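In what comes next, chain A is part of two complexes: it sits with chain B in the first one and with chain C in the second one.
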Partner chain A sequence: MSKIILKRMVQLIPVLFIVVSIVFAITRLMPGNPAMIILGPQAPREAVEKMTLEMGLDKSIPEQFGKYLLGVLRGDFGKSYRYNRPVLTILLEKLPNTIYLAGASILIALLVGIPVGIVSACRQYSIFDYASMLAALVGVSMPPFWLGLMLVLVFSVRLGWLPSIGMGSFGNGIGDVLSHLVMPAFCLSTGSMANFARVTRASMLDVIHQDYIKAVRAKGIGERTVIFKHALKNALPPVVTVIGMRFSFLMGGAILVESIFSWPGMGRLIVEAIGNKDYAVIQGSVLLMAFIYVLINLIVDIAYTYLNPKITYETERGAR
Partner chain B sequence: MRTGMRQNANEAAGETLLRVRDLRTHFFTGSGVVKAVDGVSFDLARGGALGIVGESGSGKSVASNSIMRLLPKNGRIVDGSILFEGRDLVEVREKDMLKIRGQEISMIFQDPMTSLDPVFKIGDQVIEVLRAHRRLSNAEAWSEAVKALTMVGIPEPEKRMNSYPHEFSGGMRQRVFIAMAIACRPKLIIADEPTTALDVTVQAQVLDLLVDLQREMGTSVILVTHNLGVVWSLCGAVMVMYAGKTVEYATAKDLYRNPLHPYTWGLLNSMPRLGAGKEKGKEKPLAIIPGTPPDLRLTARNCNFHNRCAYRGDVCKEEVPPLIELEPGHFAACHFQTSGGRLTRKEA
Partner chain C sequence: MTWKMSKISKMSKMSGALTPGGEREGDLSGAAQQAMILRERAANSVWRKLCRNKSAFAGFVIVAVVVFTAILGPSLVGKDPNKMNFVNMYAKPGERGMILGGDEFGRDLFARVVYGARISILVSVGGMAIGAVVGVLLGLISGFEGGMLDSFLMRVMDGMFAFPFILLALLLLTTLGEGIQNVILAIGIANVPGYARIVRGQVLFVKNEEYIKSVAALGASSVRLIFAHILPNVFSQVIVYATLNVAGAILTEASLSFLGMGITPPTASWGGILKSGQDCLQTAPHLALYSGLAILLTVLGFNLLGDGIRDVLDPKMKT
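Up next, the complex of A and B:
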């Protein structure tokens, strides 16, 4: 197993290289001179030129790219001129907040979506099935930013039950943290919840009608074991795939929700960095997100080997 | 069944284990009621083997699934009784059915490639059925499972316990499945076309295994098949089904020597036999039964076979023929095969 992980890690290198190249190219294609933006439109020409030199923007693009790449290899993602701090420090400060929000919403989505999917499949065409699939349809169709605004309108503005801004702090007790978390996490989770419910239902329905499920019943095994042990384990691979996809998606999808709820995470950082033309921060955060995305895919692939014994990722026998 | 079935020849050997009477299993679909099983009756002696034959869609599998009470949601046993050791399985609660399935009656399915759970080791699957029905420690369950695998001829059973189904060939998987079916020493094994999906050479091995196990353990077997050749060699009794109904039921010997129902004649004529194709140097094509089976939503008004039968009369379109005992232990359902008069079988 460790051999496979190592192999996949090596495969990450070209992927990340391509990501770095694309991000670097895109930031250079953005119009406007960053030096001018930092100093303001009234800044004297000499000051702008000095700044351009300082930031290395006078060098040719390949030269800038080479310098950046070398830095990345050494763990140096450059410096944010806006905050005047190393990019890596800023990223590591914001990333946990985003993981915390994405994790909470995935957890909500899993706890609701998968059981709903299972029950829907077991009671296909029942009222529960129709109602939950209709709700799921609404859930996937709902734009999170709109839902977020509505939630704020109802629960913060009208009812005044929940705070609409920030993360709260543990200093004010766990209640403060949870009350800050509940709205953004729920808002972010609706799409995934609906997605999980639909995929779980479809996958379970497919499995329930397989011969081996009937064969398990013929062994005199109770319905609960049939569904939760045999059917669910067989139905999980597609569900795990969408969980992985959704988690990566949430890291990025948090951009809108983080902006609405002023959540101090990666999403808001990127939005601000784009507004400020903070090249180093944009590059660094996109690179980090890409890395997380690939990492999650690796975890999903590894999870497959546990769920489906036919998958070993090795052509030679016995190398499992 | 109208006339009531008496003891048959097969049964004379021992007491009756399973007595099915006028079983009717219908499926309620959007386009009507499908009478998949619509009047099936037979007896099975303890230790005996019964073959259920008939063409595809005749209700063989539904009949055997009805005995296990493993029917899809839209299927229901609407009438009849299934007396297993004197207990009517139609009336038994689902909770008690769980104790019967796998322990008293077990089942072997058609396609071993799809009937083993692909994500569990085969050892765990055999152990699962053992532990569902018997109080066993881990070590005991393990050794019982190894014993079952040994009985069905899996080489290196200890080692194979940790293999997954995909690591076995089709024939070996069917052996594993049989091991699962016999692990609890059931009184009855229902084998639903157990060799149809296997290679011809492997078919014979699996059938031999079934026969050996049946003799060794004294288990009764119901063999669902469309292969009459298999039935002659393995089964003491045979039930012929057509469009959901029992049309003929007899000992294998009687049915072979003296088949009575025109449908059975058609089945026998359409069996390929070595040397039978040539007569007086002329090639003779294999006989077929013309026409197709009736729509099962429209049956039960007359003889289901009337539109394909070479011997039909007016009464066949009007009335359902009852299953009657024409000779001791030999039953048939035909308007023209009665104690009063008999048909003469035409040359095929």
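Up next, the complex of A and C:
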């Protein structure tokens, strides 16, 4: 097991290097002189030249990349010209808000998606199965930003039940926090919910038609035990993989959902940074999102290995 | 199928020879067999299977309507989607001769939604095509060559995969600048890793098949092996992925336009209309409602069709 984890971690190094390279290349190719953008179009030429030297933009591209890479390794993502603060400080302020929103979304998606998938598989070709799979397909196809607007229209504008912007404060009670969280979290969770339901159903169907499940049933063991003790455990690994993959979608979805609900997280920060051409913030936040995604996938890989004893056994046997 | 037909034809000739009725009867039996094979072949064609699959057929109808609207709709509507008339500002659906009402500049929303279909289909199909061509080529080369080249290409693809799709498209668009061709290019580039990974995985499997080894032993060049023998065998996976990918590309285009980064006004795009709908949600909710429904229905159509094609071409993957 530890060998597998170590191997996966070593494999991450080139991926992370490429992620840093892509972010560096894209931001260097963005139009406009960063020094000019910081100082404004009316800035005197001397000031722009001085800023260019200070930022190291006069150096060769490999030199700039080396400096940037060292900075990233030290956790130095530069300074935001708009906020006049270190990018890392801003990111550490916004990241928990996005994790909080994404975590709530994943939780809703898991709590709804997996049970729906299990029931659909157990009652294959029933009305529930058809209805839930159609709903899942609609959920996958629904643009989250449209759903967000429709939720705001109904629950904020028409009914006035829920606040449409911000994330509330614990100082105003848990009700305030939850009322701010419901719409963005639900909006962000629909795609994942639908995806989990579809994958769980497919995986469960695959398992419950296997001989060992028939054998367990033939022993006269109750259906509930068959499903939850024998089938679900073996149907879970593909679902776990999808959870990891969905995290990327959630991060992407957060960009849109946070913009609609004015949620003070990473997604909104990126959109604002792109609008303001705050390159240091763009670089830092994109890198952080990519790192988180890679990390989540590593955790998923490890969880998958843990859940699927076949992998561990084969690897250990191969290692001997 | 040709092999199957010739085999069955041989079998039918054999059965004809054994028939006591002589050669003529044997020929008739062969003709009947041939007709039966053709009937079977027609019944098992991908198209027939798709038609039998109800959800796939529903998806096909939706996609056909949207594509028809995208191609012919603007000329049938007969209204300029960019013509402003402030008298019609925020007109409700059905008012002043406007089926879906008017927007913030009094432009006809129905005309804009119809024109938006053209933009959506153009961008999504264009983005899919760029991603497919480049991704399939990279996947073929990577899977076939293996070694260092494969490792390098796949690590680059892994790196690209580490970015949320919309974020990668957003970044590329920021670099390339606004405009329809750049939106297509950005979505296309962001699509590449998906195709490359799928094709590479398939190539790794197919290239070790006996028939590929036999063709290689007969002296076929690498190019011929890749394009004449491996590519046709990975194509079904690519078609399934491409159909589902168009749905994703429509959502991405709409998302980019919604964020104000995609199609620039006054060009009509579904995401752009939704963005203006957000600003006047209280006074004119129809703006957000109809453009969003258009996106939902189109994406649903492509998803239904993609799921159907997958079920037909690769029943093992059925969900």
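The definition used in the following text is that the second predicted complex is superposed on the first by the 307 of 320 C-alpha atoms of A that agree within 3 Å, B and C clash if a C-alpha of one lies under 4 Å from a C-alpha of the other, contacts with A are read in each partner's own complex, and residues count from 1 in each chain.
Everything that follows uses one rule, which is that contacts are C-beta pairs under 8 Å (C-beta built on N, C-alpha and C of every residue); 3 or more make two chains touch, one makes a residue touch a chain.
Remember, predicted model here, so these are calculated numbers, not experimental data.
Clash or fit: chain B and chain C on chain A?
fit
Quick one: classify A:Lys233 as touching chain B (first), chain C (second), both or neither.
The first partner, chain B, only.
With chain A at the apex, figure out the C-alpha centre angle toward chain B and chain C and round it to a multiple of 10 degrees.
Once the structures are overlaid on A, chain A sees chain B and chain C at 70 degrees.
So in the superposed three-chain picture, is A:Pro143 touching just chain B, just chain C, both, or none of them (first/second/both/neither)?
second
Considering only touches as defined above, state whether A:Ala35 meets chain B (first), chain C (second), both or neither.
neither
Give one of first, second, both or neither to describe whether A:Ala104 is in contact with chain B, with chain C, with both, or with none.
neither
I'd like to know which partner A:Val116 touches here: chain B for first, chain C for second, both or neither.
neither
Count the residues of chain A touched by chain B and by chain C, then name the partner with the higher count.
The partner that reaches more residues of chain A in the superposed model: C.
Would you check which partner chain A:Ile208 touches, where first means chain B only, second means chain C only, and both and neither mean what they say?
Neither partner.
Applying the document's definition of touch, where does A:Ser21 land relative to chain B and chain C: first, second, both, or neither?
second
Note down the smallest distance between any C-alpha of chain B and any C-alpha of chain C in the overlay, whole angstrom.
Superposed on chain A, the two chains' closest C-alpha atoms are separated by 15 Å.
Considering each complex separately, which residues of chain A are in contact with chain B in the first and with chain C in the second?
Of chain A, no residue contacts chain B in one complex and chain C in the other.
Name, in rising order, each residue of chain C that touches chain A in their complex.
Residues 155-156, 158-167, 170-172, 174-175, 177, 247, 251, 254-255, 258-261, 274, 277-278, 281-282, 285, 288-289, 291-292, 295-296, 299-300, 303-304, 307, 318-319.
In their complex, what parts of chain A are in touch with chain B?
Interface residues on chain A, with respect to chain B: 210-222, 230, 233-234, 307-310.
For the complex, which residues does chain A have touching chain C?
14-15, 17-19, 21-23, 26, 29-31, 137-138, 140-143, 145-146, 149-150, 152-153, 157, 198-199, 201-202, 248-249, 251-253, 255-256, 259-260, 270-271, 274-275, 282, 286, 289-291, 293-294
Note which residues of chain B are touching chain A in the complex, please.
68, 70, 97-103, 106-107, 109, 111, 114-121, 128-129, 132-133, 164, 166, 177, 180
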